[in-house]
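Read through the structure below, which is laid out as structure tokens, and then see the notes.
To keep things simple, chains are lettered A, B, C, D and E as they appear, and every chain counts its residues starting from 1.
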Amino acid sequence: MNDILFSQLSTFGSSVVLLFGIALLWRKSLHAYTVVFQWQSVMLAGLLLVIGYFGHDVELYFVAVILFVLKVLILPRYLGKLEQRFGGERESQPYVNVATSLIASGLLVLLAYAVTRPLVQVSSLPTRGGLPLAVGLIFVGLFVVITRKKALAQIVGFLVMENGIALLVALGTYGIPLIVELGVFLDVLMGFLVMQVFVYHIHGTFESIDVDQLNELRH
Amino acid sequence: MTGYVFEMVQGVLALLLAPGLAGFVRWVKARLQNRRGAPPWQPYFELRKLFGKEVIVSSNASWLFRFAPYVIFASAIAVTLLVPLIAAPLPFDGMGDLLMVVYLLLLGTFFLALAGLDVGTAFGGMGASREMTVAAIAEPTIALAIFGLALGAGSTNLGRIVTQTLANPAVAVSPGRLLAFAALFIVTLAETGRLPVDNPATHLELTMIHEAMILEYSGRYLALIEWGAWLKLTIFFTLLANLFVPWGVATTFDPAALALAVASLIVKLAVLGVIIAVVETRVAKLRLFRVPELLGVSFVLALLAVTSSFLLK
Amino acid sequence: MMTVLFLVMIAAYGFGACVALLGGAGLDRARLVAAGAATGAGAGLALGAVVIASGQPFALLIPELLPIAGGLALRLDPLGAFFLIVIGAGAIPAAIYGAGYSKAYEDGHASLRLLGVMFNLFLLAMSLVTLADNVFTFLLMWEGMSLTSYFLVITESSEDSTLRSGNWYAAMTHAGLALLLAAFVLLMNGGTGAFSDLRAGAVTLSPEVRNLIFVLALFGFGSKAGIVPLHVWLPRAHPAAPSHVSALMSGVMIKLGVYGLLRVALDLLGGGPTWWGALVLGLGAVSALFGVLYALMEHDLKRLLAYHSVENIGIIFIGLGAGLIFHSSGLMTLAVLGFIGGLYHTINHASFKGLLFLGAGSVLHATGTRNMEEMGGLIKRMPWTALFFLIGSAAISALPPLNGFASEWLVFQSLLGGLALPMPEIALAIPIAVGMLALTSGLAAACFVKAFGISFLALPRSREAEHAHESPLSMRVGMAILALACVALGLAPFAVVPMLGGVLAGLGGLPDTRPVFTLDLSVQAPAGFAQISPAWIGVGLFVLLALVPLVMRLARANRKLRVGDTWGCGRIGQTARMEYTATSFAEPLRRVFAELYRPAKELTIDFHPESKYFVQSIEYKSEIMPLFERVLYDPLLRLVRRVSRQVRRVQAGSVHLYLMYIAVILILLLVAARWF
Amino acid sequence: MPALFRKILQTGLVTEPLGPAEAEIVQLVAQVDRQAQRLLGRALAIREVDAGSCNGCEIEITGLTGPVYDSERFGIQFVASPRHADLLLVTGPVTRNMEVPLRKTYEATPDPKLVVAVGDCAQTCGVFRGSYAVIGSVDKVIPVDVFVPGCPPEPADILRGILAALDRVSAQRA
Amino acid sequence: MTFFFLLLPPLVASLLAFLVRPYRAFVGWASALLSLISLGAAITIAAQTIAGNVPTWGLTIDSLGLEDVLRADSLSALLMVCITAVAALTLFLSPGVGRELRYTAPQLRRYQVFINLFIAAMLLAVSANNVGVMWIAVEATTIFSAFLIPLTLSKTSIEASWKYILISSVGIGLAFAGTVLAYFDFVARSGRIENALNWTTLMATAPSLHAEVIRLAFVFLLIGFGTKAGIAPMHTWKPDAYGESPAPLGVLMSSSLFAVATYTIVRWKAVADAALGRGYTDNLLLALGLLSLLVAAFSVVLATNYKRMLAYSSIEHTGLICLGLGLGPLGAFAALLHLVNHTAAKSLMFFLVGNIEQVYGSPLIERVRGLSKVLPWTGGLFAAGLLALIGLPPFGLFVSEFALFRAGFALNQPWLMGATLVLLSVVFVSFIVHLNKMLYGPPPVGVIAGQVDRLWNIAPLLLVIGVLVVLGLTLPVPLAALLEQSVEIIAK
């Protein structure tokens, strides 16, 4: 009984997390990106708590807290700053328009389902139903990074990808060893910081955060 | 020992016969032009006269100019010692084969062409250029004709070819031999500067080949060169005569056989001389750039000769 | 004894290289460098001679070096020894010559240091190629030889054309190395790579692999040897290199291609089907003919010589091809004859081509140009060089009694043996080869009449030629040695040919047939097919040359001699502009072979403004585009450029695109991992 | 081909059409023959130099080598280079442009050598006398052994002139 | 304990540089000297592994999974020696050691802080037993190096950095996904064990892992770490980053960082092979290796920038190493040897390139003429290094390429090897052509060698070329032992 509930909860939670990811494709303003990411992280932290509870894994609570702090509180703050600074710039013309993006994301999730079938078959965990969604989220995050022109949007896409991986970790194994988890968080933070520093640099040098201007280096 | 003496005799004989042969051809040609012409022995007079005249050498000329006539003449004599004029096999037969003959003659041509270039006149250069062109293009035919002959005789040594053919007369009339003969005949025309390749009697510099190279020579040098050229004609005729139709060539140093051999040689040379004269009367000189076509024909003939030898082996 | 010689060789070359690297400037250094090289070459020559004389191979294995590939294995068998002798024979005069020649570089337009170091290392690498006894050692030395020679080619690096030549050379030689690498690694078949193992293992390889190895080796070594169509680097690299280096590269280095082919095809693989030989024969014939045809059209003296290297390599390959054909048919005696022809031509070519390149170098040294159209009249200004060049010209034109004739005769004789072949389809190809060989030698004679006649005879065509001077003593000595070698090898094949029989004995099951030589000093083809005696012919020619003037004097011929103006149909004042040029000399042949040359003609007539019946100037340009550049290399280069332009688009500058690549490959591989 | 040789055979020899009218020629021929044998070994090489002639003389000289006169039978032949020649056959007045070439030709001829000047112009400049382009008779430029008068002289005359020149040589030698 | 001497010196140096403000030259000297300690430690570890020991270090804190977190087998030791050696070389030739004109004090300080962190991260990556820690360390290298590329800000350096960091982050993210997938499979098979992420544990369990999952995991890992290694088509950041980074960073990235990334692939390949049997990973590596070679070969033909040309050369060698790794034990040996050789050659080249750019002021090939006259030492070494890179004797790469071909032909891959040979020839010719353009010809007006080409400035590089020559002529016994043991580890 518990397992069924657990399974349904986790799958549902994963779906919501994925849906936030897809919602990203639908929005255009940088502010919306930040908000969507923030909400996705909230859902992810919640899902971690759920998994921790049903999976009897104390470590996951800990991870959920860190994740919350990092991805709901700290990063969106920085993102907010960036957005205030460059918020006037909208993701005017992504490489792929919204409609196509949505169709593509659907296809990517389908692909994720197809590809991850062995995972679902192999695993005996109640959470296994969400695994394809996690991989799908990785794909969607990658898609955002590829198709969005603003540096900020790319960062958010990257973070969504990270969320996808975190989801995969949680669903697949109830978390990896804590020390590694910590290291990963540290890296995410550092990476984010580096990236946001570069957003300033890019703006300072190119007077825009449109990455498609960065095409001096060729061949 | 008699053999070596005989070699000397043969060399002298060739030297003596050569101007006569050239004179004979000239005489026949004159007759064919309905002229009386000079007697066949006219070239001997010319030689005597030239040896009596002084030599003028251009101030531009180097030692090569004075050296070349000797090379031309010496290489021609050397060849006469290898070719079975009247007897086979000769003691020197093992020293050189048909290839040696061809390349010794090429040695002469090489120096003649250099001499043509040495004084720096346009005509000399022109003659040298043309001579080397013709010589080069004639080369494959000669080689193949040699190949054809060697196939029958099992050797490129001249004496061996003669004795083999004598021992096996059927070979002489094989299609391969006949084709090879035709090929070599055409080459003879080219190599000895006869019509239709070169006109030995021309005075027009622009049509000259051989003559253009020696415009600068006089006196004894001219004599040596002319004599050498006549020797070359004799050698080619002898090759045509004695390799393809060896009958009459002495295989012993028996005086009777030798006498017969000399007689048969003279007859054969005369016949060839008449043929050349008839040809020269009949045909016009070819433009220089048609000459390769003629030699191409001869090459094909030689190739057919070899091929048919293979197929009929 | 052998070890001592070997060590002396290594030490001398090493000494030469070190002196060049460390020594100060000045002639003394040049002399020391040359001394090192000459000593090394001499020791190598002696080592080779000892090995051949004793029949006892010299072997040395250093497992500490090159441990991953079986150690540094050296072994000198008679075949290698022969080529070591060729190296020595070519290197000694070149080194002596180089001592004087490199003085010209003291003005700093080329690095004497680099030249000296590379010269010695080049000789060392070449020598070690002949000694290599396992795959890796061989490839290492081979590539070392290529690399050092590459640096020698670009000695005069201040000129862009030199660098372009260097590029061609590097490209072709590296392509060759790639083929060789493939061939040898296939031959190793996963084994140790020691030659003895290869020899034993080659029997077990499948025929397809053997064929593949042979073809790879043929073209790999062929690119070094310069067979058509891999010859394109020769006419570029040889002229660019300093002349004594050209002499070595053309005279010696390209012969190592011959060595390699013999080593692989005959020794390691032990011979193969008839078509191997036929292929070699065909390539040889084509190379010979193409080489000489393009040489005829050249007016750059050194390029002309380079094309002649292609020709002569072709002749050598004809001999080898005939040998391989007979070998496959079990006609061992004839096979030996063919190989001997090839090998003899190898050493002959080393001597006369070395001589000619040194001669060309002297001319370049004296006039500062390689363009024959600017030479002329040098025979009076540099009589020694002229004499040596004449000897070389006559030798390469296969004129008896010089050495070119002797070896071409052997090649001819081996081809004539084609009669004995059991298979008519091959036998019929042989007459064609005979024809091509004959045409080649005829054209070669024509070409060297041109080369010598235009360069050395008549009036000087430029101020530089007019003020030319004879080369210094060391250069003349270098040339004299090779000139003597040409004469000696031409007169005394009876001494060399049996040795070559010994060199070949045992390779690929060849019997120890040494062509008989009798007391009359003749060279006799096996089975008494034919015989000649170049020695007696030579003596005879000398006697006749002496006799003719003597008889003339006895016969009281007029001995008066007057020097006058050239007879020029009465015109006044002869100038060099009236002379026949190299271009005009070659014009008849250019027209005869126009189908091949496809000359591009350009005639510009500048009419008088008043009337077109008057002409102010006529400009005539004619260029020939070598066939293989046209049909092979240009399209290839164009293809590479096109492909690389496409590939460059990968790096288009857009980070989105780059990320896209990652996504695409990720999806592709995932799909592949899942379903394939 | 057969047609050609049939014609050759039908025509027969055209040289020496013996008859009373040509008796002198026959005699001359025999004389030349003898002289030629005696002198210069019966081999006389002639180099023809046109020093400015109207080409009338040349036509006659050509006649000399034709089948009728057939000078070759005496061993007289025309050659392409003065180096090969024993005798220079000079025609016409010497024009300005031909003065040096003529002298050079003479110098280019090896000794012993003869010069026969053919035609009136060679001796007197004929109608060209006084022309600005003409510098004078042949003997003003090179030593002449024999002048052959006539405008143009017949082949027989030329032959006679050559003979005379040969005579002079024999006289000198004697 | 040796691990401390290995890992701490760069951290100390970094801290020192962080604390000393403004920058002083002694900081540079200190970090250079400290790097020698690391080098000594690496050599010690190598000696231990050759002797058959496998030093490990770990914390026994419950539930943290840190038992044996650091471990050095022969493969690690090999990499440690390479990294520390290059690091020492780099730090001795870094800006800030000795007189410095190019950079300001803050820049030098930033440089010293991050370069040492970068080195420490790399060392951690190769000494970690835990693949998670390994991943963290590799990710850290990206971050630290990203600070260094734009040492001086310019449009192009920012562009390069952005591309580098974005592509690397995405790639390394994928690698993490792969790591997770492998861990997932382990968990699915054996339940959760704290040190399951330890490579030794993974290897021990590998034969019983699920093939389908490991196949997927390896794809993520290969692409992820392959992005760091610069395997095509994930190579695109390389030309930009190498082209724009300061010379010492270029040295470390092109030689050490690349080696580290390759190392991670090798580690995972061993796991995947143990699970899947040979073949699968081999084919992937061969395919991507050939693709890298293809892209690199045709990119150098028309190259106009010599630094980017060297980057393409790196991609080419990446391709070769991938090929070697896909060709069984013989190939693995060749690949590792090639890795060592390439590390030496590339470190040499990027220093020289730095000198050249400093003197000529342009990274364009067409601007650099007469190198052999202007900078005889630099030019000569540059030529030698380039010849080494294109695989000519007497340099080590000739040996390793030969070994590679031997392996390929022994595995009956003649067509693959044939294609490789053709592509290598294209590279060869292009390099020779470009080299000639640079070495010779008239130097541009106003180019002065200055201090750059002094012998003492170049002397350490002579050592490197010496190493290359030694590796070309022989294989020192310790190195041979290390290589053989490493091959044992990764390609049993």
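We adopt the following convention: contacts are C-beta pairs under 8 Å (C-beta built on N, C-alpha and C of every residue); 3 or more make two chains touch, one makes a residue touch a chain.
From a predicted model like this one, the values you see are computed outputs, not experimental measurements.
Contacts with chain B and chain D are shared by C. Chain centre most remote from that of chain A: D (centre = mean of CA atoms). The central chain of the assembly on a C-alpha centroid basis is C.
By C-beta contact pairs, the most connected chain pair is B-C. Chain B has its Cα centroid 99 Å from the Cα centroid of chain A.
Averaging C-alpha coordinates per chain places the centre of chain B 35 Å away from that of chain C.
Inter-chain spacing, taken between the CA centroids of chain A and chain E, is 30 Å.
In chain D, the residues that reach two or more other chains under the touch definition are 81, 83, 108, 110-111. Residue positions 162-163, 166, 170, 174, 212, 216, 239, 299, 302 of chain E are each in touch with at least two other chains. Across the assembly, chain B contributes residues 52-56, 205, 215-216, 219 that each touch 2 or more other chains.
Contact between chains, as defined at the top, is found for A-C, A-E, B-C, B-D, C-D, C-E. Only residues 64-69, 136, 139-140, 143-144, 147, 154, 157-158, 160, 163, 166-167, 170-171, 174-175, 178-179, 181-182, 185-186, 188-190, 193, 212, 640-641, 643-648, 650-651, 655, 657-659, 661-662, 664-666, 669-670, 672-674 of chain C touch chain E when the two sit together in their complex.
Residue ranges of chain E in contact with chain A, taken from their complex: 63-66, 130, 132-133, 135-136, 139-140, 142-143, 146-147, 150, 153-156, 158-163, 165-166, 169-170, 173-174, 176-177, 180-181, 183-185, 187-188, 192, 194-197, 210, 212-213, 216, 239-240, 243-244, 299, 302-304, 308.
Across the interface of their complex, chain A is touched by residues 648, 651-656, 659-660, 662-663, 666-667, 670-671, 674 of chain C. Interface residues of chain C facing chain B in the complex, by the touch rule stated above, are 376-377, 379-380, 386, 390, 394, 397-400, 405, 409, 412-413, 415-416, 419, 424, 427-428, 431-432, 434-439, 441-443, 445-446, 448-450, 452-454, 457-459, 520, 522, 524, 528-533, 536-537, 540-541, 544-545, 547-549, 552, 555, 557-569, 574, 576, 578-581, 584-589, 591-592.
On chain B, the positions that touch chain D within their shared complex are 30-39, 42, 45-46, 48-49, 52-56, 202-205, 208, 211, 215-219, 222, 278, 281-282.
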